[in-house]
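There are two complexes below, and they share chain A, which is joined by chain B in the first and by chain C in the second.
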Partner chain A sequence: MDLHDLPKPKDLMDIDLNKPPETGWMNNPSVFKDGTYSYPAAGKNLKILGMPNPRQWAPTDEDWKLPENWQEIILKGMKERLEKYRSFRLFMDICVRCGACADKCHFFIGSGDPKNMPVLRAELIRSVYRNDFTLLGKMLGRFGGGRELTIDVLKEWFYYFFQCTECRRCSVFCPYGIDTAEVTMIGRELLNLVGLNINWVIEPVANCYRFGNHLGIPPHGLIDMWEFMADDVEDITGIKVNLPVNKKGAEILFVTPSGDYFADPGTYTCMGYMMLFHELGLDYTWSTYASEGGNFGLFTSHEMIKRLNAKIYAEAKRLGVKWILGGECGHMWRVVHQYMETMNGPADFLEEPVSPITGTKFENAKQTKMVHITEFTSDLIKNGKLKLDPSRNDKIIATYHDSCNPARAAGLLEEPRYVIKNVVNNFYEMPENTIREQTFCCGGGAGLGNDENIEMRMRGAFPRASALNHVVAKHDVNRLLCMCAIDRATLTALTHYWAPDVTVGGIHELVANALVMTGEKERTLDLRGEPLGDEEEDE
Partner chain B sequence: MNALFSLVSALIAVVALVAVSWFGVEAIGLDSVFGVIIPYIALAIFVIGVVYRIVDWARVPVPFRIPTTCGQGKTLPWIKADNLDCPYNTWGVIGRMFLEVFLFRSLFRNTKAELREGPRVTYASAKWLWLFGILFHYSFLIIIIRHLRLFMEPVPSFVQTITSVDGFFQIMVPTFFITDILFLAAVTLLFLRRVTLPQLRYISLPADYFALFLILGIGVSGVLMRNFFKVDLLGVKSLAMGLFTLHPVAPPGIHPIFYVHLFLVSVLIAYFPFSKLMHAGGVFLSPTRNMANVNRSERYVNPWNYPVKVHTYEEYEDDFREKMKEVGIPVDKE
Partner chain C sequence: MLVDLLLENKKAIIKHWTDLTIDTYPPEGGSFMRKQKDPFANPVGAAITNGAEAIFDWVMSGSKDYSPDVVRRLDDIVRIRAVQQFSASDALGFIFLLKKCLRESIPEKMMNDQHLVGELLRLESRVDSLALTSFDIYMKCREKLFEMRAMEIRNRTSRILERACMKYGAPHDW
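After this line comes the complex of A and B, so read on.
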């Protein structure tokens, strides 16, 4: 489905949040409507990864070609996970269905479908848990809230666990901290056991496994892309930036999402990194093997997170760097911050990160040894190490979209704002219910940012778009900033549909616009190759 | 699950419990069954059940440190970190848990999303759930403390103080307690919320109504027996003391409404360990709330971490060595 096939925003949002269907939710099977689901994983990708049940199938088929004993496999998988994850176990047991989470989900606000209320999304699996794993559920059946795992229930899981972006917004509001991301992650793991997965997740995973990055770019392809960007930088600044690749003995390994090598507007952010590091004279290196910061394993299974993430420490060790610097990305930072060191650490072959420019010790990263680029850059700015001319960004009136994971899984709220405020003069926040820990998802995270799912994406994007349009109307905002590669792709579709006058970009694109580099020619163009300070030609 | 079915089936269940205890005492004279045997069994189930459930949860490992961060983390020294919403040490975690358990902090954040012309969406503050929740839990707590007077002789002074403050207004004889009114009001409002909000009605299970009706039944029967039937308080106290001191007797002549009250309480505590009411214990164990956001500064070990199949650099270089050399990327094996 294509963006222009969608109804107009007004018609799309002709929904009522307060009118659930007449039929009770336990007896209301999912309908796979075009534009609201993602295509299944291609068998070849599952084979590369050694994952079960590779085959050709479609969610609209009657027969999903499951293994004979699929129920047994799922229930066994549930039992195993109930014994391995206290989060899962507890979140199955303690929900009181108070409904505080109900209207906190962007997919519910945008679709009105009650099964997108976090509580009901979790109940889809909880009902089976009660039926098969609890005393009262076994005794009382439906009266005890239990429900047998039928094929319709499984299809419902597939539909709704791939209609959750694991953004954790509901968990902010839950009085017990029940985190639907945790439930969805386990739900997807279980689906994976019988070969139910989506290609937009599994193909990047398979690519990342073999090529080192989600896009499947081989090492010589990466060199092409990076050099192309370096050429653009030279055109704009007159400076030929150095481009160290797989360099042994460098001080710092730089890892960033591959989405930024490939497509606008992420490429501008990537050029920004090159310019910043060049200007600093940083002793760093890119890696073709660890050429992906993102980790679609997070949207597959805990095991897959670990399998893909292992490259980062392995490459740091092979190259003999001292520490690792990570670029602007959302879910990458969930993995780096909350999983990496536990899964693949300890990284005792690395040193505690110290900025070679300011001497600042990044004590908060002393165990994982990986520093976020906005921590690094805000420290540079604070110490006056960058010569910045924010007026070069004067045609930009910016607002900032907190990406879900840096906000709600890492607490990275101030660094990006500090950097932004130092490189752009016009900055306005969106309303407080839509930023920081209450930020709304772009609508396409967790592997859902594909074209076939476009209607559901635009529905999920609605709360973010509504907040954006608020500052567009009030302050003429024309740039939606973010520090996430998925955002840079999905928000571009969001603005296209919901707020056509707004462009999307990363933070380090603006840093590099403002960065006064030693020996640069007089800048007339921004990183997009557009004239500086000419509002008329902005678009 | 149909909303009406949930509600009606739960109501029937609670009415049946009331009927069983009333007639059991009134018609068959099972005073000591409802006054002694069932309360002891219920208490045993409660204690063993709660301990079992908590130990059972606690035995499940927490493989990853996954706090939900709701504020600025501790990073650079000049950036103000929020220790309560994004704890960076044990004190922060204790503070966060205190606010969560005693003040329902997350619920206090609640908002209501409303769609408007545009289309756009607005968020209104919605603290009713928080308010009803706080009123309900705290009046319940005070009522439980007040009940200690029935089990202790002499009555401890803090129980007396709380009781006299609670009965401050001295309306009616015997005194009508403020917490009784608040408790009944809060449970009623929580119930009305569940049946009037369409989203909430849609998600409600029989278990949700059952707990509410049961608790409402306890409150109503308690007020009725004290303020309207005016049951023999001395008889009740001797029964309670007897239970407490393990010399149980069911004195004759206590009005059946008391046994209804006691039976519903017994059912509640016996039901507690098997139900969502265990949220009371579970909240303390919730990994998104009780862990500090020190993920990158302190090691965290997963007890069941296991080796996985990875694609090594050697394999990668084998795949691409010639191409890498062509574009001048250094390789390990020539």
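After this line comes the complex of A and C, so read on.
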């Protein structure tokens, strides 16, 4: 072998992987790589909602077709919000950049991109606040951490405020209680003022505004879908479930995310509700008007949250129900728990919720008059009102993903676990620092669960997936349970990429599998139409 | 034997390789990946660190076949880098950095030893074969992403389509 022509080691050793630029963060413009951003809102949807600057544009365009005075609009909007929301001004002022939140964001952990550190994400807007709204910033400029609002800064806002799922994991760790999700919410509100928004948020909002649900399904379409599910239930159980729709004078109005009407595996959870309510003989009703629990207004603006949420109380009033029961949804519960009563209340025409089956008073829901389905079901189980056969779920080895909003915004930590443990025999928790208050986001909340954003979603999903893979390796877990319709869609992609042997599903799917119903035929299939046990599978 | 020499320096080589790989991330991200030792708080750092050792061991082992462990570890790293802000070459370039680390751990005067250089080339070929395998994994990951996009669009409305097809007598099996 002639070794003389070989390059010297030194020549070969100089491998450069295009190291990232070492200029300060203020000077790095965002790079819109395919797979890491969401498509902009279609003009037609903005027109429907009466929102500013409807047009056709793309984040990869040089010219974003902004109004000429866009800077003035944003700064004026910022001023208004600083005056209106004390929390926003406080969050702008009190951060000492201690870094406690820095490494808690799933997008930072999965990408290593410093602008995904919650502190730095907030700093994108805080730097402009300092520059234009504080004396020190006005005097010291960049030296004092201030930064002028340029077009690159605006583009950066769009890129990174639509890379925050508003999951609020970072806020758990902030010693000052800064809620970075609220900073993102204001950031998005400001962007909306000049027509910068994403279609995956605005289209469901526009549909909800006209039809009451994200996909824009009219009443007869909804009834058709529910009947379709009831047919499936009949095939599996032999029971034709009662399906009350828009029933005036019913005791309870049931509201759940519409994602569970149309897309598997959410549909199985929805069938689960129908079976449970039928078995209880509950005097309740579905609604074709309040046909959506989800509220993408939360990802748009405070005004839009209120606009879309209003239908729930309005429908409760129209139908004359006593109280409202809500299904397994994520951000719907942040809206219900933290905004609904102050925005659209008082709900003084409703009664304090009392379970008609057990007589339990849900005092926690005294103000909103809306009870979470796992509170309702865990109370039924606790009082021995359900006949359950958890062995019907024996081929499932489950773990539970605390969906961010029910866990962190509504404090629902024990109820779902109590229900799960009563309907499935094999249940294992993921590591402690990835569940309960510290749960990792699915990576697709707050309107980011669209297909064009898939790469960014997978980065954000990785911390959850890594914890999941731990219990897969240790306990052969094969089902990831969750309590959110967005989760049921986005975790399905997560498992597809990171943990292909795991399926995703809701809690009430398993409740209904285990539920022994009066007059049912011998159950051989689960709600997915698959054999209940492994044995049948082998036959 | 070169392998013995490299095995003696195993810890230093792995650290060097891990450092170079982590250096491909922005400095703030890299510093976090080095410091945080909890694998669930820092899964990217953990995948790189654990993967580096398993891959190094396989390169040194002389074994012709891949062990399931080495493929899994390689997959762990490539699967992550396939969705990060890298071009394809940058995503997989970390494999070739191992060559740099191996060479740099050999005293320069020893590089005149023809036998030893032959051994080094043999080891480097093993690294090259890992690079090819990584390329397969990378492509599978990327293909999966596109498949997932299609799947999501389909699943979003699967029940409506199924219902509509049933109603109007169209075939509805996917």
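Basically, the second predicted complex is superposed on the first by the 513 of 539 C-alpha atoms of A that agree within 3 Å, B and C clash if a C-alpha of one lies under 4 Å from a C-alpha of the other, contacts with A are read in each partner's own complex, and residues count from 1 in each chain.
We take it that a residue touches a chain if its C-beta (ideal position, glycine included) is under 8 Å from a C-beta of that chain, and two chains touch if they have at least 3 such contacts.
Model, not experiment: these values are computed from the prediction.
For the composite obtained by superposing both complexes on chain A, the positions of chain B and chain C are in clash.
Of the two partner chains, chain B is the only one touched by A:Tyr209; chain C is not.
After overlaying the two complexes on the shared chain, residue contacts for A:Lys248 are found with chain B alone; chain C is out of touch. Of the two partner chains, chain C is the only one that A:Phe262 touches; chain B does not reach it. Set against each other, chain B and chain C differ in how many residues of chain A they touch, and the higher count belongs to B.
By the touch criterion defined above, A:Glu148 reaches neither chain B nor chain C. By the touch criterion stated above, A:Asp283 is placed in contact with neither chain B nor chain C.
In the superposed pair of complexes, A:Met117 makes contact with chain B and with chain C alike.
Contacts of A:Tyr497 after superposition: chain C is touched, whereas chain B is not reached.
In the superposition on chain A, contact of A:Asp394 is made with neither chain B nor chain C.
Overlay on chain A, chain B versus chain C, candidates 59-67, 113-121, 293-301 or 311-319: the clashing stretch is 113-121.
In the superposition on chain A, the residues of chain A contacted by chain B and by chain C overlap at 9, 12-13, 15, 17-20, 102-103, 109, 114, 117, 224, 431, 433-434, 462-463, 466, 470. Listing the residues of chain A that touch chain B in their complex gives 9-10, 12-13, 15-20, 24-26, 50, 82-87, 89-90, 93-100, 102-104, 109, 114, 117, 119-120, 123, 134-136, 142-145, 168, 171-179, 182, 209-210, 212, 218-220, 223-224, 245-248, 288-289, 302-303, 306-307, 310-311, 314-315, 318, 336-339, 341-343, 345-346, 360, 362-368, 370, 375, 378-379, 382, 407-415, 418, 431, 433-434, 437-438, 462-463, 466, 469-470. Considering their complex, residues 1, 3, 6, 9, 12-13, 15, 17-20, 22, 31, 33, 35-36, 102-103, 108-114, 117, 215, 217, 221, 224-225, 228, 261-264, 267, 431, 433-434, 451-452, 454-455, 458-459, 462-463, 465-467, 470, 489, 492-493, 496-498 of chain A touch chain C. By the touch criterion stated above, chain C contacts chain A in their complex at residues 20, 23-30, 32-33, 36, 38-44, 46-47, 79-80, 83-85, 87, 90, 93-94, 96-97, 99-100, 103-104, 106, 108, 111, 114, 117-118, 141, 144-145, 148-149, 151-153, 155-160, 163.
If you check the complex, the residues on chain B that touch chain A are 1-3, 5, 9, 53, 57-58, 60-66, 68-76, 78-82, 85-86, 100, 104, 106-107, 109-115, 118-121, 123, 129, 133, 197-208, 274-276, 278-279, 282-283, 285-289, 293, 295-302, 304-305, 308-313, 316-317, 319-320, 323-324, 326-330, 332.
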